[in-house]
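Here come two complexes built around chain A, the first alongside chain B, the second alongside chain C.
Take a look at the complex of A and B:
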């Protein structure tokens, strides 16, 4: 859009200024590249979702403006037209502040932060928009911290040390309430250099640290919150370009940089004073938390009664009730503390509304109970409804007597039927749940914009065809299924405050950990969080690594390019800090999995599958199986697999033989394995016995060879 | 005009985002902005005053809406409107030939004019000058105010304009605008000089070996005390720190730097210390029409303590802080609730900020201002002298036109 035309004009002006000083620039990613807000984000980009009646991106832009940023690049991909439309109408484009220039960059194809930054880098060569250090934030950041000093600090450090390319903002805060994953970081206490960054889910209670780190003083923290506010030097963009497989800013880029000691780039941290607020809205849980914090004015001056974004502001009354001047409310309605009521909203008799946000133009009937919920704009709620801890999007109709149980999310224009009870944690949308789960989780919405249109046009058919919908006889909308794995975690991310019992569980787990000695492994349980202990056991990590390698491998099969796969796997290997042997094991594991998963009727057919795959990817295996140790590792891995899979068991000897034939595994390795296993228990020897004949043959062959050599 | 529009928008933005703090700074910016609005406003031949009033009102409404809590903005806008009305009135009377211009220039009074040219018959200027010459006010001088204005001088700089007192419309147009701008310039000077004007009176109020209590930080209070110190008065100052922003600490630092005997106390110790205090002096954020005061949070408590011990409670306020509105629900409507992070550490308390269902959560209220009802105030010291709270309505009638009270 404007991005192509404007820079030329802007540059003329900038160049003259450039001589004296750099303009402060920021890149705002108007896409979270996650699926946390589905199904809402299928129809509207996350950054435009109202947060206490003001779109999230306004908070980010207002903060950047007040922090003295002069150039803001808004990067849009999915739903880019909606974002651009909004910005063009908003006051950010009307240049009310002559020192602020907001521009958009559009790249509909980007599906991750990595893609986005690579696209910006490509653009850079033509337009050179980014002139120096820039602030990288996502469009869902709510903050009131000052940035100027921080940028200066980053620049000074950069001047002294060329390799200090990024400064990451961290903050002391309980992460529990935000529903985000456990974060563990290790920082050099003097220089504030980041040496380890580990973001795990609750299951990873243990963290493994490189021994070399312990030579110097290291500060280990697990009570920090990553604000996802980064000051980056231009090198960051080129690094993304060089490493085309970097997708995720933290998981790939930061960890990649920390592991890679050849280039020696450094990342520093900056802990902000706790008097400032900085949080990113990652999921519905943090949406709820941040909304409450805004109502309680922690984000001052970005609060509803201050008009910071050009919208009409609300009036603040006693008990933290914000009310629009033209809201109509029945005398018998009971409006409780910490409630926001938007413009043109009407509230009927006898309602009870507390701890909730009601948007503009809503009409609420009599005797409605709304508690801890977020009702967006133009929602109609008929008499006698009960809504607890739910999110209700624009244009929804809730017919009389319906009940929304805690954790419900109603997407745009859904109609809930009369007296229907929407079960807890369910997500309802007019769009059907995509049946094929995208392998790439990073996408907010994978399809093109025309795809959305198709889906939407399908909605009309739906209304005609099936009157009896999933939401009662006179309702419309599909209830989305929650995938099994996520179900346990649902309470953690949903808009409902964390239930007391779960909370007690977590705090208990934390307390236990505090008391425990470092050497004691925390009790098995869902949540082994918050241990500072240094544990060299990396089994869990390996599990993840293995899974990722398998994914990569499966993806690569389609492409059929050995070099490409090797590059991808290597990147994973660095990210997880794995040895070559681990890679070999993981690669072989994925091949066998593929073989087992390929449809087959008999053992011989399975064998044939395996052999074809091995023959085809011999080069790949060969790359990792250069050392005898690595080959042994593969055989052991295979043994493990056979124990798990009944089908493979009988084929063990055959496949090992095949590997030997194809020169993937050398005889030395097999013999060494045999020797190692010879001392094991009888039950462990099943596969050794299977190979007895083969090993015997190998031994003889080698003896013969030796004899020949001797003679 | 477009550049005026953009400066208006810029200022509105700053006000909205609370980037300007302090009523003096705000008042100064506002009046300067209004001056440029007036000077860029194209005036039609007929009904010029109305055109100017509309222009100022339009801008004024935007400014007031941007930050309704900062009352100084509204006050200054009303003052400017008042100036326009007065000038218009005096010009019409002049045009009717009722009064002749005075050519005599009286250089003895130039110190009152601060070097600005006074076009003769500029009524608001005359009134302002009358106020400054007639301090402290008495009933008699107020009654005689009009005749004395005839002696108010003008300098030769504006002489050319005033002498060409033709009925020619174009020059009349220019004249109204010119007079208004002169009047506004006078207002700018008045705002800029209010500290000195108030400080001049310090010697009459602070006596040898007295103990003065103040709360929070106010530049007016600082200048007031320093003025007394310069006149060789020796006295002691107790500074209540003014939690949670602790601006009292800054004031204490400044006072010590100027060589005053200073003691910092906590806000909660005010009652304990009040028996040793001879006078409480505070700076106001705004003075309402009923004589009530909006001041930094904690002031009401200090006022109550002062009343209990019959200690005079003195409020210093520049005339731009005089607000023609009556306080209605002042604790809420005329207050600004700031971030709770000034009280609590978000990092430490984020645990108790209601994420557990059912468990109670901390609510934090951090108001910026306090309202002191008029019966607790002993004396107002403005740049026109000392006044009783019950006299405020009269001052306000001097400064503002009744037409502008509701904007």
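Take a look at the complex of A and C:
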């Protein structure tokens, strides 16, 4: 102990010295590793998409600069050249601010946040760029919150508690607001420590809290939004390195830490005041929402009329109308509230534009109606078009009389034919939809990154003749098909306000949930946890889980370290959402498999194999077999195995007895198992009968004990 | 106030054997020489709740309880005693007396409570929110009974078993989740629909259900009728209502609307009450039931509310032998305002008719009942001694309860024990943490620890 303590003290002193010279650092992930913005993101990285006419990354960088961050590492993978080009051309590299240093890290192979952080960690060993705590954000974050105090808070906490390696920013949110999944988090109200993080679509079902959490008060929240702004200690990077299977920052990393009770790392939350803004643009709905918030100036000072990114600013007029000084507008055009009109844009007679953002260099014809839409740069809209709740990318041409129904996304340079009606929620691109749709969203860029450039060059010539008809005779572009599963979700993520009938659906779903629930309500005394009902649909998962545990176990035997196995198995357990009893079953299953697979000649030899394995890994079993239920589960599992394997069958009673001798299974469990089985069919009772003598002996022994106590 | 009060006085609780017997049902167990039921009755009377139904399990017990009530408080209160079959559970007991219930709201109080939390406040909260059910919660005793020395450790191991796990909304007005800690094996599940509607749920384990409930009669009877399998209020009815609180309409609309005739008028009135309740509770945020009602569609919900008693209030349920010891000690000790007696300068009560021998000391936090005799050189500490007890010389009684008419011989030493009425301890008996059944005779010179003396 004493030997260990000394270096720790020394390190604390180092830290305090570091504080004086440690630069505030941030890692900006210029890639979201998701498919939400497809097809647009096939041609341009998400962080460069204009948000109220300014690329998203400018908001992020400007905010980090204003918050006093000195080193910014922009991590690029897909379209990295575009990002670097943009940063070079913009003023970020040549900023007058001598305190700000923007650098890029390029790793085109990374397909997830996990890969990215692992790559940074590898780089780290060579260059040691990251010196201490850093801010981890995505390049699509819009915020104006101060960070210095938060980083200080994180450092103070870290100094007190080595294990507090991450502080997560959360914020009160409006329900259904951002189209993201429901977030259920549980926080200790006093320390603000995060104890549970659960994302999911379902508004029905249950949130599970581990019993160990219930010793103190727990605050369970559904009204919080994760801002995806994290203050991390360097350990976070090494943890990603250690756990090569962590991909997703929240789903794997955060949940992994919360489940892992061996390392004991802690994550804390910080709720920002409602006067500050912090949101990440995850999907089109949040794009819409954040755009409106910017126009309504919630993000001040990052608003269109303030020059924060080195571009010319717009003029703010009445009713939240921002207009470029050189925009040309016909007198008869009606520009409504909350609208932005960019530079060099011309608007013809009799148009009606409201609640929309129009980019630079657009030309809009006469009698055009634009409502709730985002028109990016150099778009041509001819006379009489009608555009509602759509996103129209750079260089698109919409010919006269065309109609975009709500929810349409037109990617770059698409041409919509004369009088053509683009149906609601369609996504149109010059690029063909990748046919091999990889369902794993983490992998999305892997295939597309290399092919995009080639595709682009060939596409223009080919398209116009062959596929022109999809958008009318004089149009260009493919209408992407929406895969079935995503179709239901479309309404949730698109820029269109949520239709009333969907809201009603949600309500109904909740009712259904309640009704189901009612039938489950058991009478007094039999109140079981609902795990049984859930397990039925998790059966497939269990098979995989079992296999993985077995592999893990076999791998671990070589290493011979119980803690290590437990850690690995726990990570599997989390990934498949299994109960501790399942782990117990799977671990025991692996052991018996090992015993059977070890070469043997006779039954007695097999028994010897089994006993040596059990003796050796007693500690591991013991870890999962703390409760009677788990022990019963193991016995049942064993019974199942014996049914399958003829060799094991005759040894059942012997091995159970051995488990009892080794204190792996308690007598209570065996007796309960016996009672449960007593009512079963005769054919099910083979093994019970085998154990009869043993159970009888147990019963007598326990009775004797009682008698002894009595006298 | 249109409230009917039901006191569930139980019968012969098996937890309390050998203290209870055919002669003494649980409700009549003495706490500082008064039946425990009298504390509940006093509490209700002080809140001006005088129309009571006392439900007792078993005919014999009902007769005993009825006899005591008619002798003790017939002039002050209007009490009906109803007997129900044994072992029907709390829900079963209410089902059995359903025909007695006529008021709009029912206040249900457990008969074994010794407390100074005003039930009137629960009733008021219930009315203010127009709730389907209001539950009184009180702080869980943090570290078992105060200064009980040796028994404290024993108590701590028992405590987690009766933990309640309770989920409240952010304003601590609504009960969103309830479970018994003992029933939760690995994890607890909170319904997402309720969490979505509430936004936040605070899951606490430092509160406990105090077994004082206010129910809306229509809702209670509806549940009792529809769920014949429900036996216990706390374990079945309450969790069921909490779970389904967002969906009352589904099972109660047909009946309710017809029953009330003017369904619309009633709803309007309720809406007004809701607004009023918000003002009263000084809430700047709309409470979640309202958000839920207004936001998604306009339907009625079964509100489950809570009243959280102040931490300084005293609350004990007499449901175990340990609790019996604790409550006797507390009522003449820390919580002596409950006992209704006036204490002497030595913080004890010695009835004027009691006789003390020479060199006998009665310490603070002691009680000596009417007509009891204590011999020479005795020492009584932190104990309650009933009426007409006869105690010899050189007797030591510490942390114990001696009930009426008990006889204790010379040279006995009693510690942490309960001696029931008419029991007899012969000379030089040494008891520690024992219970002696009523009328039992303990032989001279026996030395016992942690035993129960009862005739089988």
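By our rule, the second predicted complex is superposed on the first by the 466 of 711 C-alpha atoms of A that agree within 3 Å, B and C clash if a C-alpha of one lies under 4 Å from a C-alpha of the other, contacts with A are read in each partner's own complex, and residues count from 1 in each chain.
Please note the rule applied: contacts are C-beta pairs under 8 Å (C-beta built on N, C-alpha and C of every residue); 3 or more make two chains touch, one makes a residue touch a chain.
Since the structure is predicted, the reported quantities are computational estimates derived from the model, not experimental observations.
> May I ask you to decide whether A:579 touches chain B, chain C, both, or neither, giving the answer as first, second, both or neither?
After superposition on chain A, A:579 lies in contact with chain C alone.
> Quick one: is A:421 in contact with chain B, with chain C, with both, or with neither? Answer first, second, both or neither.
So A:421 meets neither chain B nor chain C here.
> In the overlay, answer first, second, both or neither for which of chain B and chain C A:297 touches.
Touch partner of A:297: chain B, not chain C.
> Which partner chains sit in contact with A:629 here, chain B, chain C, both or neither? Use first/second/both/neither.
Once the two structures are laid over each other on A, A:629 reaches chain C alone.
> Quick check on the superposed pair: does A:316 touch chain B, chain C, both, or neither? Answer first, second, both or neither.
In the superposition, A:316 touches chain B alone.
> So, does A:184 touch the first partner chain B, the second partner chain C, both, or neither?
After superposition on chain A, A:184 lies in contact with chain C alone.
> Touch test for A:289: chain B only (first), chain C only (second), both, or neither?
A:289 sits against chain B, while chain C stays out of touch.
> If you stack the two complexes on chain A, which partner ends up touching A:220: first (chain B), second (chain C), both, or neither?
So A:220 only meets chain C here.
> Counting contacts the way the document defines them, which residues of chain A are shared by the two interfaces, the one with chain B and the one with chain C?
Shared contact residues on chain A: 503.
> Per the contact definition, I'd like the list of chain A residues that touch chain C in the complex.
175, 182, 184, 186, 189, 202-211, 213-223, 503-504, 506-507, 510-511, 513-515, 517-518, 521, 523-525, 527, 529-530, 579-580, 627, 629
> In their shared complex, at which residues does chain C touch chain A?
The contact residues of chain C facing chain A are 89, 165, 167, 181, 183-193, 195-196, 198-206, 227, 229-232, 235-236, 239-240, 243-244, 246-247, 250, 296-297.
> With touch defined as at the start, can you tell me which chain A residues reach chain B in the complex?
These residues of chain A touch chain B: 62, 65-66, 96-98, 144, 171-174, 176-177, 274-277, 285, 288-289, 292-293, 296-301, 306-308, 316-318, 320, 337-338, 389, 496-500, 503.
> Can you check the complex and tell me which residues of chain B touch chain A?
Contact set of chain B toward chain A: 6, 9-10, 12-13, 16-19, 65-66, 332, 337-342, 345-348, 350-351, 353-359, 363-366.
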